[in-house]
Amino acid sequence: MSIEILPDLLGVFFFAVSGCLLAGRKGFDLIGSLLLGSLVGLGGGVARDVIIGQTPAAFSNPLYLAPPVLAALLVFWLYNSAEKIGRWLVVFDAAGLALFCITGTVKALSFGLNPVASVLLGVTTAVGGGLLRDVVANQVPQLFNSHDIYAIPAIIGAALAALSYTGGWLNIGTGFGIAVVVFSFRIAAWHFRWHAPLAVRKQKN
Amino acid sequence: MSIEILPDLLGVFFFAVSGCLLAGRKGFDLIGSLLLGSLVGLGGGVARDVIIGQTPAAFSNPLYLAPPVLAALLVFWLYNSAEKIGRWLVVFDAAGLALFCITGTVKALSFGLNPVASVLLGVTTAVGGGLLRDVVANQVPQLFNSHDIYAIPAIIGAALAALSYTGGWLNIGTGFGIAVVVFSFRIAAWHFRWHAPLAVRKQKN
Amino acid sequence: MSIEILPDLLGVFFFAVSGCLLAGRKGFDLIGSLLLGSLVGLGGGVARDVIIGQTPAAFSNPLYLAPPVLAALLVFWLYNSAEKIGRWLVVFDAAGLALFCITGTVKALSFGLNPVASVLLGVTTAVGGGLLRDVVANQVPQLFNSHDIYAIPAIIGAALAALSYTGGWLNIGTGFGIAVVVFSFRIAAWHFRWHAPLAVRKQKN
């Protein structure tokens, strides 16, 4: 657990910042920012832990409350313009995605789930917080944005994490390497507007 | 379980198709379609299993991942026009509703819940996936559409399933019969625009 | 449990009324009103119980189904104009908030969670139902409304409940007192439009 909690807390922080930034753009107040940051940072992990039948880390370990508080205060103090909020939101979201697809998968594997289920749960953890953020702020989730690619990096990261964990190669170095791959892929997909084929080949309305 | 898993998988498939069709109409890409299909097909059952305290079938049995994949591919290959998406969405949604109100109730009963709670959980399973679908796609849920009747067929189906299960009459034949009743009721309500009284007798925005 | 169930049922009723009123304003039908009332009244408590790993009270005790039914019928019979729906929605929502921040915290404490986690879970219970209500009805949650203060009264109420429970002073009198404080604070914040600082000091767009 001790080796796992730091990247998990970092992931909570990154997602919390993305939530607080969206709160800023939507004109929420500081408390709304703290709550949206908490929901985004902790939501995916709470869903994961509820699914595997554990008391969620957010409710058993008070340490998990620190990153959202820090995120809300940082966003409050550092942003006095909302010009670049959109860009930073994507960057912090990508960083959270990169860490959570790994920590979510590893937690599921260490809990005894099979690799396929663990990858699925890792992806759920990674995309869950951002999905909640966008649903609660009443906009179509980034996850379903067809202008770029969001879920594929998380799926690849979760699969690599499962492979390296099962093979016994997962350590701080390889974990960091996987996170960098996921983060870079996501940012590149956003920047260059890589996209997947549409759900139906020709749609209208 | 073996007798129960086939209708459950079929229900997952039907709901997944409804999710993929909505993804098509909203202009999501193929991955978004797969994810929305998975959320709709598996969401209700995951909620049900989390509530009764079991590891959700979607995460313990990889077979549950097949229907959403199949649904996304079918929708991708078969639809080259979105003209009739609305109609098919209602039909597949009704088919999922018809199966899940039965399988959800039976799973709750076989887990030892009392009949009232089991009916409630069956209805939750049946309407949960579609509710998630519409919330995530940022539209008012079909469940709350006052132009026709959505929940009543599911409540009737869950009650009939609980009655026949408790009475020992539930088998493939009676189960299929209940599903046909629910499906026909829902489709008729949609087609003929049967509706219930409004929540307040006279409303004004 | 017996001392706890009455305020809990009352809280369910108050939140259910707020859901049925919103259903009325949105033009939902009577069944949609019952379902939205149930979701709002029972949703926060179901989330709480799932997080602490218990079968939710709503599914184990059929008594919990009475308040939403009563709420839907009352709203149906008593409102023949929607003029004042907005005002009453806020009042009933505040009453539910006042009771749930206490009962949620006490349930978590009596289940053995630490005080910080219990306060967090109490707040989750209190704001969860209303959050679901607004998300499902496709509007930005009252929780994130920056025109007044919503979460702070719940946080204060949960903290006071945790303090008095731990100190052994919690009884019907002090519990009622805390609820009155929370309710009055929330209503005053709404009426006088007290508000917190914004999430970012200067926002645009």
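Note that the chains take the letters A, B and C in the order they are written out, and that residue 1 is the start of every chain.
Going forward, a contact is a pair of C-beta atoms (placed from the backbone, for glycine too) under 8 Å apart; a residue touches a chain by one contact, two chains touch by 3 or more.
What you see is a predicted model, and the numbers here were worked out from it, not measured in a lab.
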Chain C against chain B, contact positions shared by both copies (same if over half, else different): different
Rotational angle, Cα trace of chain A fitted to chain B, multiple of 5°: 120
Inter-chain centre distance, chain B versus chain C - centres from mean C-alpha coordinates, in Å: 28
Touching two or more other chains - residues of chain C: 50, 53, 135, 138
Chain C - residues contacting chain B, complex: 20, 23-33, 35-36, 46, 50, 53, 55-56, 58-60, 62, 65, 72, 75-76, 79-83, 85, 135-138
Partner chain C, residues of chain B touching it in the complex: 50-53, 113-114, 116-117, 120-121, 127, 131, 135, 138-141, 143-146, 149-152, 195-205
